[in-house]
Amino acid sequence: MLFDLAEICRMLQVSVPPSHAVADSLKFDGVSTLELAGETQLCFAERTEQAQAVRGSRAGAVIVPEDFPELEGCCLIRVPNARQGFFRVAAHFSPASGISGIHASAVVDDGAGLGADVAVGACAVISAGVTLGDRCVVGPGCYLGPGVVLGADCLLEANVSILRESVLGARCIVHAGSVIGSDGFGFAWDGSGHRKIPQLGRVVIEDDVDIGCNCCVDRATLGETRIRRGTKIDNLVQVAHNTDIGEHVILVSQSGVAGSSSVGTGAVIAGQVAISDHVNVGAGARVGGQSGVTKDVPAGATVFGTPARAMRDTLRELAALAQLPTLLKDVKRQSREIEALRERLARLEGPES
Amino acid sequence: MLFDLAEICRMLQVSVPPSHAVADSLKFDGVSTLELAGETQLCFAERTEQAQAVRGSRAGAVIVPEDFPELEGCCLIRVPNARQGFFRVAAHFSPASGISGIHASAVVDDGAGLGADVAVGACAVISAGVTLGDRCVVGPGCYLGPGVVLGADCLLEANVSILRESVLGARCIVHAGSVIGSDGFGFAWDGSGHRKIPQLGRVVIEDDVDIGCNCCVDRATLGETRIRRGTKIDNLVQVAHNTDIGEHVILVSQSGVAGSSSVGTGAVIAGQVAISDHVNVGAGARVGGQSGVTKDVPAGATVFGTPARAMRDTLRELAALAQLPTLLKDVKRQSREIEALRERLARLEGPES
Amino acid sequence: MLFDLAEICRMLQVSVPPSHAVADSLKFDGVSTLELAGETQLCFAERTEQAQAVRGSRAGAVIVPEDFPELEGCCLIRVPNARQGFFRVAAHFSPASGISGIHASAVVDDGAGLGADVAVGACAVISAGVTLGDRCVVGPGCYLGPGVVLGADCLLEANVSILRESVLGARCIVHAGSVIGSDGFGFAWDGSGHRKIPQLGRVVIEDDVDIGCNCCVDRATLGETRIRRGTKIDNLVQVAHNTDIGEHVILVSQSGVAGSSSVGTGAVIAGQVAISDHVNVGAGARVGGQSGVTKDVPAGATVFGTPARAMRDTLRELAALAQLPTLLKDVKRQSREIEALRERLARLEGPES
């Protein structure tokens, strides 16, 4: 993809900088940082203090706020919000998946239903009864089990496994190595061994959900494991059977939600958090990194610690804990002081007391 | 799979409910929850308070305890233990793997030995010297390295990697994306870099072990990493080199056992627990979620916290910690009180003291 | 591989033990532990107390320190450092990858550039613009995206995904199931949903880096995610976008480094540690297991806890915490004692005070 300055400015809905308005031959093939950019790349700067870095950059043009200082010899594109504008332009440079058509080595069952313009990578395997919406891209080495349904415009990166009867909505992205629809972890002790409880439910993922690399989303024992629309999941996250992850939730890397728990709309779960089974995290709640959530979290609350409690309380306890070694000494000294007072008092009181 | 009411009752070893004994045409094609079930699905209820939900359900029949109230118009199948009975029936509805025969795209080395009725999915790769027991199912995209041995009736889900010389017993299940037999993490600093210590041992997994998705079980440096029979491992679990995981152990999601440690028979390791290297967790021990086990845990003990100590002690400390902010104020006040007493005492004692 | 005693001694740069110097027919095909070794295997022992175990072992020969006791009938090979010597020999028994040539089922784009003696396993997929250095081994089921570059002598185990434009140096090892170069986790709320920030940077991994199984190394939003030479990463580790992992760093299993953070040369990050975003861990720092690093760690420091602070402080606080339940009682008793003193004092002072 190659865009000239006029095209870039059109994406940003601004006019071409006056300094470069005439006979400009700049062509852009990508975006980068001020430090790394070459002459054919675009950058952005947000703060006036970056003027020096902008001047030193080899970037072909820099997107800046409207009040950014003028810099002789630099092509500055002024917009209301430099960061947002930059990423709007950047999206035009995102490489396509690199996959088109059905690769000759892919194994697509005759009983699968493929929408228009579906792409299937090399050595991908698509089972009977699979339905792929228009423009879905299935990466190399992916496996889609019997009855899997993907809405339009889904992207599965390489080596993803989506197991039988899982349903994904439109515009979902599943990054490499993730597994959707595996058996929930359910066993009952039968006196001589852990007997497997059949896992007969399914996974339903709604529209616009992103799932990172090497994640696991387990099918329900009965009924559904559901991830609601707009939710974004980082790498190495565990979503257990029968969970209900609300809309627009953020699950950061290496966090885990145990069986039958729910996370409310817009909640933010930080990295390495564990949410126990049968717990409800309310809408808009925030759970601090590495917390262990063992009971319900009210909507809008911010919690932290293992076990998780109000962030404020945990921080107060941690601050107090830092004073504890000194406190121990203080109390010992007080003990001696009290003893000394008692002796002085006894002396004053005399033998008869 | 389609079963009629008489067949379901035979599975449960009970007689057909009198209300439906004559000319019954019910056919069942699955199981579900009371809320989601349709007319061709079976459910279960355990408590009398669920009577309302049973009445409202569209389920074709409901498995209930013997003393459950009679409900007009509902097909209730009475059994001694509703939950156990339900899952016994449910197992009959578990879909088969969907894989049969050796797929044309699978790459099976001529030097591999396949038992009777083995199934190998599309794009699976089976190396020289592999031995697969009867009725093993190897999912699509799996890789089995040289010399791997699987006992009868093993199931490998999609994209599993089992590396050279790993041995699995009968009836093991390995879920999608897991890696068995990779190199242990062993390095020695040679003055200029971390030099890799060759990892020459192997992994031995005994009968009836289940391993979740995207787990890692590393081969031993020398000798064996062993997971004993009946142990069940959840998703994203790390089992390092030279560990010995006992019989019927439970390792919950995102837990990790470091090199050369052991976990005794029947121990339960909760989610996100870390067990340090060269530590022994005794038989029947229970380790609470997110604990960090840094020293041996006695058999039967329940531990919690980082570092893990007796659950009782950790909980007592946590309860005490919650009182610490107040305690700090109390001690400060006492300090002032002692000072005040000292002054009053000095006044009483007069200038000569 | 089969070596005789003279060859083994040559590897160790020592002479053949006098007891076995003449007409020796010992042949070795592997290494093992004293307990498990057979007659064709080598072992090592480091301490004199192991003499009994050496005598009881069926090993064909045992590598021992120079001052180890002589044992009748045992073939002892004396070297300055038994452990180092053993692993030097052991490396000769490491099995080759088992992969040679380009497998017929591999999909190698015509536009890929392969060095001399490259091996590509079954069902591996190599995209256009990939460059593989001499003697690279690409395991079965791997996917290499467009423009990926590998230096000489890299080894990718099975089912690894290396996504577009990632660059690896020479002699890197990536274990099974890992994903290099996936999108960073970057979103901006646009008023109605989390909008994906395009991830346009890349991953650069320098020479001699090892990456464990089922790890994730995300590409930079802009610029680079960089892992510097000699660094060793265990299984299930998360390395987020725009991080800079220094030279010879150790990242133990299930640890995670969040976006834009850096880890200095030679730092050791223990298991299940979380390093927050935009944090710098100094060179040579050590972070204890399960710590949560929320602010910069000075070079050479040892930290522990969540949030991480100086190991010494955290341990002192933990020791103090163990005394807290008793302290609470002590302070309550002091309160009563102070009250008693106050009353006695009031009595002495009389009604006028």
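Here the chain labels run A, B and C in written order, and each chain numbers its own residues starting at 1.
Please note the rule applied: a contact is a pair of C-beta atoms (placed from the backbone, for glycine too) under 8 Å apart; a residue touches a chain by one contact, two chains touch by 3 or more.
Treat the numbers as computed from the prediction; the structure is a model and nothing was measured.
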| item | value |
| --- | --- |
| Shared chain contacts [chain B and chain C, defined touch] | A |
| Residue-number overlap at the chain A/chain C interface, same or different (half cut) | different |
| Chain A and chain C: spacing of chain centres that average the CA atoms, whole Å | 25 |
| Multi-partner residues of chain C (at least 2 other chains) | 105, 123, 141, 159, 177, 214, 236, 254, 272, 290, 321, 324, 327, 331, 334, 338, 341, 345, 348 |
| Residues on chain B engaged by chain A in the complex (per definition of touch) | 30-33, 35-36, 84, 87, 90-91, 93-95, 98, 103, 105, 121-123, 139-141, 157-159, 173, 175-177, 208, 210, 212-214, 230, 232, 234-236, 248, 250, 252-254, 271-272, 289-290, 318, 321-322, 324-325, 327-328, 331, 334-335, 338, 341-342, 345, 348-349, 353 |
| Residues of chain B that touch chain C when the two form their complex | 105, 107, 123, 125, 127-128, 141, 143, 145-146, 159, 161, 163-164, 177-179, 182-183, 185, 187-188, 193-194, 196-198, 200-201, 214-216, 218, 222-224, 236, 238, 240, 254, 256, 258, 272, 274, 276, 290, 292, 294, 306-307, 313, 316-317, 319-321, 323-324, 327, 330-331, 334, 337-338, 341, 344-345, 348 |
